[in-house]
Every structure is written in structure tokens, then in C-alpha cells.
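When the chains are written out, they are named A, B, C and D in that same order, and each has its own residue count from 1.
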Amino acid sequence: MALINMVQSLNKTLEELMGKDERVIVLGEDVGRDGGVFRVTDNLLNKYGDERVIDTPLNELAIVGMAAGMAMYGLKPIAEVQFQDYIFPAFDQIVNNIAKMRYRTGGRFNVPLILRTPYGGGVRGGLYHSQSGESYFVHTAGLTVVTPSNPFDARGLLVSAYKKNDPVIFLEPKRLYRSIKAEVPDDMFEVDIGKAAKLKEGDDLSIITYGSMVPTVMTTVEKNNVNAEVIDLRTLLPMDVDAIVQAAKKTGRVIVVHEAPRTLGVGAEISALIAERAIDSLLAPILRVTGYDIPFPYTHEELYLPGEKRIMSAVNRVLAY
Amino acid sequence: MAIAGNLSNEQAIQAYKNAVIARTLDIKIISAQRQGIIGFHVPAQGQEMIQIAIAMMADNDDLIFAYYRDLALYIQRGVPLSLIFDQMLGNSNDLQKGRQMPDHFSFKEFNFSSVQSPVGSHLPLTVGAAYARRYTKKKGIVITTFGDGATSTSDFHAALHMASVFNLPVLFICENNGWAISVPTSKQTKAEIYKKGTAYGIPGKRVDGNDLIASLAGLQEAFDYVRAGKGPYLVEALTYRMGPHSTSDDPKKYRVDEITDGSENDPIRRLENLMLKMGVIDSSFIQSTKASAKEEVDKMLEERMSIPPPESSSIFDDVYEEPSWIQEEERRDSDGSD
Amino acid sequence: MALINMVQSLNKTLEELMGKDERVIVLGEDVGRDGGVFRVTDNLLNKYGDERVIDTPLNELAIVGMAAGMAMYGLKPIAEVQFQDYIFPAFDQIVNNIAKMRYRTGGRFNVPLILRTPYGGGVRGGLYHSQSGESYFVHTAGLTVVTPSNPFDARGLLVSAYKKNDPVIFLEPKRLYRSIKAEVPDDMFEVDIGKAAKLKEGDDLSIITYGSMVPTVMTTVEKNNVNAEVIDLRTLLPMDVDAIVQAAKKTGRVIVVHEAPRTLGVGAEISALIAERAIDSLLAPILRVTGYDIPFPYTHEELYLPGEKRIMSAVNRVLAY
Amino acid sequence: MAIAGNLSNEQAIQAYKNAVIARTLDIKIISAQRQGIIGFHVPAQGQEMIQIAIAMMADNDDLIFAYYRDLALYIQRGVPLSLIFDQMLGNSNDLQKGRQMPDHFSFKEFNFSSVQSPVGSHLPLTVGAAYARRYTKKKGIVITTFGDGATSTSDFHAALHMASVFNLPVLFICENNGWAISVPTSKQTKAEIYKKGTAYGIPGKRVDGNDLIASLAGLQEAFDYVRAGKGPYLVEALTYRMGPHSTSDDPKKYRVDEITDGSENDPIRRLENLMLKMGVIDSSFIQSTKASAKEEVDKMLEERMSIPPPESSSIFDDVYEEPSWIQEEERRDSDGSD
């Protein structure tokens, strides 16, 4: 057990996975000498050499495509895209090759890679260092999408992603990289993909959230003594439909909180799953507290990010309904 | 005795036979497409010689990322007609379970990768595959084919760039057939394709892809270079798409065919003429080769046509190693009907 | 008035827009000599010459990026991506440049282009000639996304898209290109962006659909004498929230039908809007009849596409609820 | 009198003054960043000479797509410090309404386009812009700058390819500063950057970007070529990123600085020494230039700092020409607080 932050947890887990499995290759821009711009791959180059820790040229299509080729032929690449905002040049490789390879070959090829990328705002990064693009991946069958909200889950999800024989998009909420520490076991352990975590019990309403918004939600409900259950999805594809439906059935009042824009954000799917499966239990509208449907602004980014006030306003509306 | 260079008579005869089979097969598929038996086809007619040359030069250990217009390449490498038809028909014997359009093959046992439709998008994969093979100390190089249009894609750039930076054993072979659907190569690029490697420090060479002897000779240098571990190499094989782009295309809209089946400049005819002239074959051999190719192809399609399609519920398989609850639920809901 | 199909309607409208406005430039793969693989741009090259009708090299990033540059500097490009499946190489240009240009420059630049692309299945095109990727665009603020379901709307929406000073993703349901004819006025007219059409009145339930699924839904309800109102969204971003909410309030029973995969398909947003705004009116679960969460298969594509049986099964479930 | 070639003493002095202002500004911004006044900065130190040379060569009609590290280019082209600071501060005077990170300028009035963060993604836009200008018969060429790392991107490939195929007047200028964050150019590519045009039939030239005279002379040929309508041209300007990649970067992790502020090989120092040697300036001129630059910069930041931020509800503007109901509803809901 060690009290560490998310960067340390990821770094330690990467180092151990590389240590135990020679097939693991880390690649991306600045992941070597620099240790990644957020230091998640710090020291891996020193330890494992430049055949296994690869500083690539500046081309995300090439990074992801190369990782996919490695994965098809026996390696376990863990590729980094420096900011999620820069994943789009690789979007065709992700959607058309990686997500569909197993399917199109009738299961004869698969692409067991992990694509790590920091996402979300709160670092004054403006339009291009702040995006939360999870929806683009969650809509894509063939991918698995996870996002940890704390150092413990970061390690557990990374180990689970490593064990999967299919591509995993691993979204790291950059705002939480160093802001929270947690006790993380030294032994490797898994956090099951597809299983949400109930972070807090509660009777009056259910708040479903994930990734960067988890601490905001937790602080808000604790500070305001809201009798809410709080669910951290952890996996966004496939979502834990049982946890979602149970929550709706239990409290009848659901709020979704995420940082991505509202329209077709992950909250839309959560609402739709409930509207399909638990409509009779609902005692109030399902409200979405989300980022706005605008590009991520530089000035006033604090206005963009869902915070206590917006969450409480939704809580109050739902409770008063 | 050798017909030219290292090419023995036996090899030449084998190549000729396979070219004829490929051509015959291609014609058969087009007629099957017209009859609604096969859904679609991108004919390889006119490009057989370079494809056969590649297959002749490649070792079994070499890994090939082919593209959708490589029929003769598969045949020369030994892929049985049955498997080819199974894929074209998308039947329950298809190794890919009927998931892809015709011509989108994946013959893993023959060290082929998987063909996809988005032009050029297999190219970055070759780089990773080559990296993996070098890292795991597997024998063989990686070979990839693609069209002239593909050289415009971002994937082409990405692949050549990475192969060069990591000094990987990838042999890039462009089958420049003069056209990308309706766009002639002269409008596709202002540079000569074999020189495009200069942007990456990759050497290049142009070969006459419609001449088996010239293709083999030209490829030799490229294979030697890549096998010696010197890094990637780019070959531009000049060839010609004899037919339409695909069974959905009408080339009369945009061009006059310059080479047609059986004309003097048809690459198969050129090989035929050479072999006739050198006395390696005679006209009765030609006749019997063509007749037996036709018989074999006709019979094989007849046979494979009777194989039923895959189970309809199999469309929910292979999205993941284990289906998620979403696919399982959708499989249940679909209940096998539309 | 002429009885024409969608290809003819689009072709005629393009020709007229080019005729009346020199700023209109058509570009894409095979749009010139060949007239487009679906013939939507037929004859434009002959009429307007190769400075205005441009056969481009095979690179979607380049096509879209070039169109964006044209649009920023005074032209009105109408770019074609040959199949929507091939739009992903241009995804970074679309999401990071086109959608955000007006915003990031404080309104000093804009990108008034139209990006046309055929989408959807039903042509035995397998994984890569059948995708319905509208969600990827609908989640992207800054874009406007429309899809006509008939020759009339095709013309009207194209004219409206032409008049917009912002980028429009113009999704053409390729299955309907030639399968329906309709009377289309010779004069130019607009179909308002953001406004749905009520195709049929009905009292028992509301079916919300768009694009390629419209004829399937209409045939199904007519054949089965379903007393349903049918709404054709026509614009997917911004969706006509009033029409959606009114439908839910009127009948209390809503089904969404689309061809794209269910998870985070457009249906999710429709469900979410209703769950937010009309929860008390709902008499039944909101059901989604959609494409499956799998890549688009070649064999058995008829199984993938929502059809009469699946629609009626949802209708019956909702009515019996 | 001319200091070299066509460069008059007045021009040289002006260039020197602007270089000093750019350097002074850059240093000031870094310190403001440390104090939390400005959010972020990508220093342009070391790259001033090539940037100034570009601005000197460009006509007012020429359209420039610059990148995020071009401070001296803006200054030499006449953009006032006030506008630069307004953008860096994201205040209500910022032409872009505080929407972008510092250094992401868009000075339309000075015929600059808009800077974005995704590396290379402005390059395809230059092609369309050049097409539009030729089509509408506007005067001037299109100039674009970018780093060595950008030459790896797909956008670079797409842009050079299209500019060549359509024979467009685009001058591509790579400011090769030796590094893409921590990756040295030697690992970024195996080819020489100025030769990358070969893949597209575009001529290229390498210039010493740290020497004003050499930069001007080298650029002359490129400008002449593009202005003559011969098509695009690629210039590689060798320069050096003197500081960290950005205020978030720690270069000690990966390199030893080879050129530092004021050292003999500092490009500004090189110009200074040349001008001193030629008697164009003397040491008191240097002192006063630096002193007045510092005063001007200090004063200007002081002044602009007092300008308030944009209205908070303005974050909902400019998503579209007219906000849709979504933005309007969100604006109402947001009610100006977090």
C-alpha cells in the first residue's frame, strides 16, 4: 500500500506491466526521454530501453496505426495520445481499423492495444487541451472505453485493460492527475471492466457520473448533506446498465453529471437506458448537468465546468419535483 | 533452362497458368455478379503480372498486406479457389464469416493480413507488424500493395514516414494502374510515385508491372534491400486497370480503354507471346490451359454456391472476444428476422 | 414541378446554385468527369469547368481542409466525401478546425461550407459502404447536421444549407437516392433547418425518425394501420426539441427509429430530451428501434436494418404497455 | 547604403529593434506567466530572425497562416503590442474574445489567419485559401509557417500534395528549431526537411534561419518562385528553440541548451555584432534600444492588465452566426456562475 496520486499509480502500473510482460511496448510523442508531458511514462525509457519505449514522430494516425499493427502481430502496445484533443487525426484508424478488425476477419485477427489519453478541462488549456470526447468512442462498437476517477481505479482499470484481448480507450482525467492521493495496493489487482462503483449510498436521488466529475460530485453532496447515492461508471462502453437501472428504480430521481457537452454526451445514453427500462420508477425528470454545447473556452473555463452550484440546482429541482 | 534471369521454364509456365486462372476467375466473377450470385467485384484484369511477380519473390515467411485488387497475387501464393469463392459468396465456409464485401480477403494461413475498403488504411498497420516481427525475431519481411490513388492518402505518408524512422523491413509496392476510379494518375499527383520516398529517405524504383520478367528483375533489388535490413523500399509498378473500377463503375464516362482482354498489349498475352517465341509453350498448351482454367473455375463456383450462408445470429459475434450485454441483448431481440 | 428522384433533385439544385453564385465550388473524388459515383454531380463539370468542379486526389483530410480554407476566404465550397465511411480521415479538420473556427476567432472567421456525403446501408456495401455516423457530428457543437428523406426535402435543405454562413454536414441516405420519386418545384425554396416535419397525424403513439428510415416507418404504419404520428426530424443538429416534446406530450408513447447503432445514436438524445422535459406525459417506455451495436455486416445486412417486424414489435410493446 | 544585398541600414535597424522588442516581450511574458498574470506561453526566443525575414519579405497583400511560436513575425508585420497582450490576457479587448490560449492569434486586419493548437492542421487551410484568392483574383500569395514536428503530420502531406496538384501560390516555411518538445529533429525524420517537397514535385531550399541576411537571401528565391505563379515552394529555416517548449515544459529532462539569451550564437547577438562591426549601430544604441523596448513592454502589460475579461455569458456566442436553442438555453441556465 502506498499513498500515491494518479500519475504515480499509472506510472507504477505501466512499469510493472512492462516488467512482467515483454510484449508490452509504450509509444507516443515525448513518452521516452521526457517521460510524457504529464510524466505518466517517466523513467520507463531508462528502465526498458528505446525498443520498448518509443518516442514517435508527431503523427497520431501513425502512432495508432502502428500500435494496431503491433497488436495484430503479437505485441501489447500501450500508446499515448498527448491530449485527447489530438486523437482525431487517428480517428479513422480507431473507428475503421481497430474497432472493426476482429469483426471483419471473423475473429481471426484482434487488436489488443491500450490507447491512453488525458482528457478534460480545468488546466486552462482552452479549446485544444480540454476536450472530453468520450462520446465519439462510446458510439463505436468494438471499442471498450474506461475512465478512472482516482488512483486506485487507475491501477485496477489499467491492469484489466492490459488483460483484454480487444482495444481499450483509456481516458485519463488530467485534472485529477495530481489533485487526489489514495492508498493503492502494491500487488496488482483488477477493477472489472463494465462494472460501476457505488461511491456513496443514499435514498433521495441517484447521481451518475464518472471520471473528472467524481470528486466534484462527491464534495458537493457531502458539503450539502444531500442524501444521494453516487455512482461512478468507470466503464463508459459497455456501461453498467444494471447499476443504472437499479439506481433509477431505487430512488426514482436521477441526475447525470459529466464534463462533455450535453448533446449526445454519455448522459443521453444513460437517460435513454432508463427511459427504456425503468420509466415507471421515475419520480422526476432525468436532469443532465454537463459541459455546454460550445467549444471549450479559455477565459471563463470555470463557467464551462459543472460545479457545485449547477449540481445543487439540479439536485434541488429533482428533489422538489 | 531459364526463360530469363533466374526464371526457369517451369516457373514461367506456373506463372502463366496462374495468370490464366486469375483472368478466368475474374471474368467468371463478373458474370456471376451480373447474375446476382456474387454481390460485387473489383476486377484485377491487367494487373496480373506484377501481382504474380510479387508472389513469386515473396517467401512463405513474408507477411503480405494486400489490397482489394490482388486476385492473381493470392492465386500465385497458393490460396485455393474454394476459399476465394467462399469469401466472394460470403458463405458459411468463409473464413471471415461473410462479414466483408467480396475481394476483402484475409488468408492468415498464407501469411496475408486483412483487406479493408478505406484506401490506404492498411499501410500504417504494416509498420506495426514489421516492428512486432523484428522485435519477436520472426523471419521474413512485410510486403504491402496499394494503388496509385492510395499514395495521396495520409496513411501512405504516415506509413512511409514511420517505416523510415524506425528502419523497418517493409516493401511498399504501388500498383499504378493509371486510374483511381475516374481520376488519372496525372491528376492524382504531380510527382513520380517511385520518387515519393525521397520525403522519407526511402529509395524507390519503377518497374514495368505488365511484364513478368521486368517485374521480377525490378523487384529483386527491392527485396534484397529490405531483406538486408537496410530499411523500407518503394516500388512503383506501372500497370493498367483493364476493366471498370468495380462492377458498379462505368468507365465510358471518363476514358477509352487502352488495353483490352486478349489484345497484343494485354500483359498475359505478352507473356504468352514471349513463351511461344522461346518455344516454352505452344498454342495447344495455351488452349488446354485456358480450357482447364475455365473448367476448374466453373466447377468450383458451382460447388461453393451450394454452401449456405452463415447463421444469421452470427452477426453478433466477434465484436469483442466476449460479447457485451449490448450485443447479447440485441441478439436476443433480433430473433433472426428483420 | 417535376417528378424526380433524390439524385436528380440534388443534381438540379447544385447546378442552379452554381449558376446563380460564382462562389460555389464543387470538389471531391470523382465529382467531375465521372459525375460522382452516385451521379449527384453529373454534368456539372461540363457546364461550369474544372476551376469550379474539382476532381481531387484521394485524401479526405485534404478535401475537407481545402474546402475549409476556401470557405474562410470568400468561397462557398460544396465538398463531397464519396461515402460517409470515408469521412473519418477528415475528422480532425471537421471537429477541430471547421466546427471551432467561428468560435475561436471570436466570430471574425467563419467556415460556410457544405459537406455532402452518402450514408447508410441497404446497398450490400458491408462494413465500409454502409455506416450511419451522424452521432459523431451531432455531438459536435459548431456543426449543423441535416438529412433529407425525400427528393423535396433534399432540394429545400440544400438551399437552406447554402444560405447558412456556417458549416453544414449534409447526409444523404444513399438507399433513397433512386428509390422514391416526388414532385419537386422548379423554383428554389427552403426547408427550414432545425424544423421537423410531421409526416402523418396520429393519436396512439409518436414515431420519431429521419433520413433512410422514413419510408420504412411510413410503409410499416400504413400497412399495419397504426394510429401513429410520424415525425421526420430532417435536422439532427440542432434537433427540433419542440416537435419532440410535443409529440411525447400528445401521445405519451414514443418510439425512435434510426439505422445507426443504438448506443449514443441520435435516439439517445431524443430519449434524454423527453426524459428531461416531458416525463409526466409518458405512458410507456421510450423504445429505440435501431441498427445494432456491431459493425455493419455484409451477409445478413437485412437483419441489421430496422424493418417492419422490429418496428411493429416496438409499436405493439408500447401500445400494450 | 545597404548592410548586405538589398537590406538598407534603416531596414536593418528596424529589424534589430523589432527583434529586441520580440525578445523583451517574450521574457516579460514568461515572468508574467510565473506570476499568474498570463496563463501560458510558447517562447519564440531564438527564432526571431527567420520570422522577421518572413515579415520583411511579405507584402501586405500576402496572407499569412502563422503558428503558435511566431511572436517576432507579428511584431515586424506591425501588429501593436496592445493587441498581442490583449490576446495573451484573454481580456475583453481581445479580438477573439478570450476564446483561445495565449499565442493563438488571429489578426485578420494584418492579413493573418488564425492560429490553432493541433500541430499542422492549419496547413490544409492554406491550400483552400490560396485557391480562393486565385479564383477571386486577389493579389498576394499565401505564406505559412510551422515547426519541424509539423512535417510529420498528415496535414503537412495533404497540404503540400494539394498545393502542388493545383499549382497554388503557397510558400511553406518550416521553422526547424531542432526540437518537437523533447524529440530532436534527427528522431523526427530521416530525410532532410527541405527535400520533402520531392514527393510532390515541390522545390525546396534550406536557409540559415538564425542569420537575417542569409534568411532574406534564401527567401528571395522562394518568394520569386511562388509570386511568379510557378506553384508552391518549401523553405526549411534552420533555427533553434532557445527556451523550453512552453511554460509547462522542463527541457532539462531531455537536452542541454546550446544557445542561450545573449550568448555569441544568439541570433539577435549575431545581428548586433554584424551591425556593430559595420558601424551601423554602436553600443549606446544597443543599450537605449533595449531600455526603451523594456519600458514599452512593461508599460503596455501594465496598461492591458487593467482591462476586464469579456462578459462571462459571451462564451455562448459565436458557436454559430445565430445561437441555436441549445446555446440559448444553456446561456440562460448558466446564469453567469459556475
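Criterion: contacts are C-beta pairs under 8 Å (C-beta built on N, C-alpha and C of every residue); 3 or more make two chains touch, one makes a residue touch a chain.
None of the values given here were measured: they were computed from a predicted structure.
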Fill in the blank from the handout: chain A and chain B share contacts with C, D
Fill in the blank from the handout: Rounded to the nearest Å, the gap between Cα centres of chain B and chain D is 46
Handout entry: Centre-of-Cα separation between chain D and chain C, whole angstrom
Key = 40
Fill in the blank from the handout: The distance between the C-alpha centres of chain A and chain C, rounded to whole Å, is 30
Exercise for the section: With chain centres taken as the means of their Cα atoms, state the distance from chain B to chain C in Å. Expected result: 35
Completion exercise
Residues of chain B that touch at least two other chains are 97, 99-100, 104, 116, 118, 152, 154-155, 157-158, 161, 165, 187-189, 319, 326-327
Fill in the blank from the handout: Among all residues of chain A, those touching at least two other chains are 56-57, 59, 61-62, 85, 88-89, 92, 96, 100, 103-104, 127-128, 141-142, 237, 263, 292-295
Exercise for the section: Name the shape of the chain contact graph, picking from line, ring, star, complete and other. Expected result: complete
Completion exercise
The answer for chain A against chain D in the complex is residues 29-30, 32-35, 37, 55-59, 61-62, 85-86, 88-89, 124-129, 262-263, 292-295, 297-300, 302-305, 307-310
Completion exercise
Interface with chain D, chain C side, in the complex: residues 25, 51, 54, 56-57, 59, 61-62, 64-75, 77, 89, 92-93, 96-97, 100-110, 141-142, 144, 164-166, 194, 237-238, 241
Handout entry: chain A residues touching chain C - in the complex, by the definition given at the top
Key = 61, 85, 88-89, 91-92, 95-96, 99-100, 103-104, 127-128, 135-136, 138-139, 141-142, 237, 260-261, 263-269, 271-272, 274-277, 279, 282, 284-288, 292-295
Exercise for the section: Write out the stretch or stretches of chain B touching chain D in their complex. Expected result: 152, 154, 156-158, 161, 164-165, 167, 187-191, 195-201
Fill in the blank from the handout: The residues of chain D that touch chain C in their complex are 63, 94-97, 99-100, 104, 106, 108, 113-114, 116, 118, 121-133, 135-136, 154-155, 157-159, 161-162, 165-166, 317-321, 324-327
